[in-house]
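To start, the structure under review is shown below, and the notes come after it.
Chain lettering (A, B and C) follows the sequence in which the chains are written, and residue indices restart at 1 in each chain.
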């Protein structure tokens, strides 16, 4: 399966995935208008139709969608993206909570306004000038013509440009992490997922996570976690030595 | 029961009240007590007395013209019993078909304005361009300069028309932010709890 | 039609007269008897009777609001005794400057005009309709034919008043923009390119 040829039928776009990417990179399509969840759904249903896991396709898709999400997030928070990524987890949670709280409040305010409008539907005001009102003469003091030039210079000021550098990041395929984890389990019976992925980028860690889930589906490992966000412990099973080439048996639905 | 037509009250409002009603009938915006005092060249206390007098005369049930305090001032509107007739004659393009997204955007601009489209997008989580353009076209929000920090993005604020359409005496008549979003604090607490558990 | 207009003691004005006065107070144009009849869903004779009643009530000396028949129908105006107050209300102090949006739009029309509203929008990065309308109303820009290419969009140019206000002998006296590039077309393209990158 070739991810780039995935046919999409979204509100904002209809066509193959690679055309969407091209349009987004050329800034001919507003990424903010693209519902990325829809793309994920399209990919999943395509996988399901095929009935088999294509790990390379999954890896490629994950990378592209992660990049799209990041780009979208940067588009929405242009000047803050960097700042946000530098926040400590506690601060990030605080910031997220603040935004969620703002949004909840604005949703309630919107509901209040709607009610208000409903109640005001029988109140008609004149919206234009009165038919027989005196004509208004607006006089403007003498203006400095330099202000005209200044206005255009302000319009000519380049905004800081969005970095597209992260779109070009290279990511290892899922299979690389499969091999790496199998090698670790050959030496030890267990390891902590977090310590294995320490130092990797977020997207690489996500690819590793997919590989870990893959091993579990295949019965090569079992996973333990004391609570949400606690470290994930990966334990090798005895079956592990007997399993090879599980990719082909992986059923998309079980993801 | 055929009484003679006596439209003129036996107790005609005094001269100042007549001047005030004249000002209100030609104004295109609500007029504050101060606006009225300056125009009528009288003091604000006497203007307030005149407004009280006019408020009784121009009230629902008594008159087709109703005096209302709105958008930081006073304005005449049509009585509710004439709403249907007004609806037949005047389109209400301003209010017609305001979507949920438009309401949220209006709320954000009303509370946080002047603010930019990226500001609105940050709170709503989706782009706000077409919604903002629609609200500008309806005259409910208007440009208010550019934000020098946010790459020259245009800032928007709500207009007096917004207050009139929503029947607000002023923006201060909006619910207090603290009284909105009771759930928000709960969410915040939960997220903070998660953050504490998270290994650094 | 056997429905005489009659004053009921509790109601100073008949219901139909109240609806008519309501319609007149919210109208931006004089309303004809036919307009009023359609809106009030009543017949023209009864509308005329109501107008007579209202004419008595809203007349010089009795009220600050005066009902007047003008070309095209009926409308309220301010009474003559309020003329001075109205003049004060509508007398605007000399404005010291223009809003940022107005100055940008004016600069675009001055340097790149005649140009259409979509032209202005492309350079500012935001729709310009209300700003352009405001500048036309103030007499700083005026229509200058239609753009044959851009679907017949109206083109605008600056006026002699603009030149007077900015102390320019002619448009040739506009400050030079050498720092932005030489030719007007070149500068314009550059501004359009920047506008596309701007978040708002």
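FYI, contacts are C-beta pairs under 8 Å (C-beta built on N, C-alpha and C of every residue); 3 or more make two chains touch, one makes a residue touch a chain.
In this text the structure is predicted, and so the values were computed from the model without any measurement.
Colleague: Which chain's mean C-alpha position is nearest the mean C-alpha position of the whole protein set?
Modeller: B
Colleague: Quick one: point me to the chain whose Cα centre is farthest from that of subunit B.
Modeller: A
Colleague: How many angstrom lie between the CA centroids of subunit A and subunit B, rounded to a whole number?
Modeller: 38
Colleague: Using CA atom averages as chain centres, what separation in Å is found between subunit A and subunit C?
Modeller: Comparing mean C-alpha positions, subunit C is 46 Å from subunit A.
Colleague: Where the CA atoms of subunit B average out and where those of subunit C average out, how many Å apart are those spots?
Modeller: Distance between chain centres: 20 Å.
Colleague: Quick check on subunit C: which residues sit in contact with 2+ other chains?
Modeller: 22, 25-27, 76-78, 86, 90, 100, 198-199
Colleague: Residues of subunit A that contact two or more other chains, please.
Modeller: Only 78, 124-130, 132-134, 154-155, 157, 159 qualify.
Colleague: For subunit C, which residues count as touching subunit B in their complex?
Modeller: Answer in residue numbers: 4, 6-7, 9, 11-13, 15, 17-23, 25-27, 31, 35, 38-41, 53-54, 56-57, 62-65, 76-79, 81-82, 84-86, 88-90, 99-101, 125-127, 129-131, 198-200.
Colleague: Could you please specify the touching residues of subunit B with respect to subunit A in the complex?
Modeller: For subunit B paired with subunit A, touching residues are 25-28, 68, 70, 75-78, 80, 82-83, 86-87, 90, 94-95, 98, 100, 103-104, 106-108, 110-111, 118, 121-127, 129, 146, 149-152, 161, 164-168, 174-175, 177, 180-181, 183-185, 187-188, 191-192, 194-200.
Colleague: Which residues of subunit A touch subunit B in the complex?
Modeller: 30, 32-33, 75-79, 88-90, 92-94, 96-114, 116-117, 119-130, 132-134, 154-155, 157, 159-160, 194, 227-231
Colleague: In their shared complex, at which residues does subunit A touch subunit C?
Modeller: So the residues of subunit A touching subunit C come out as 27, 78, 124-149, 151-159, 161.
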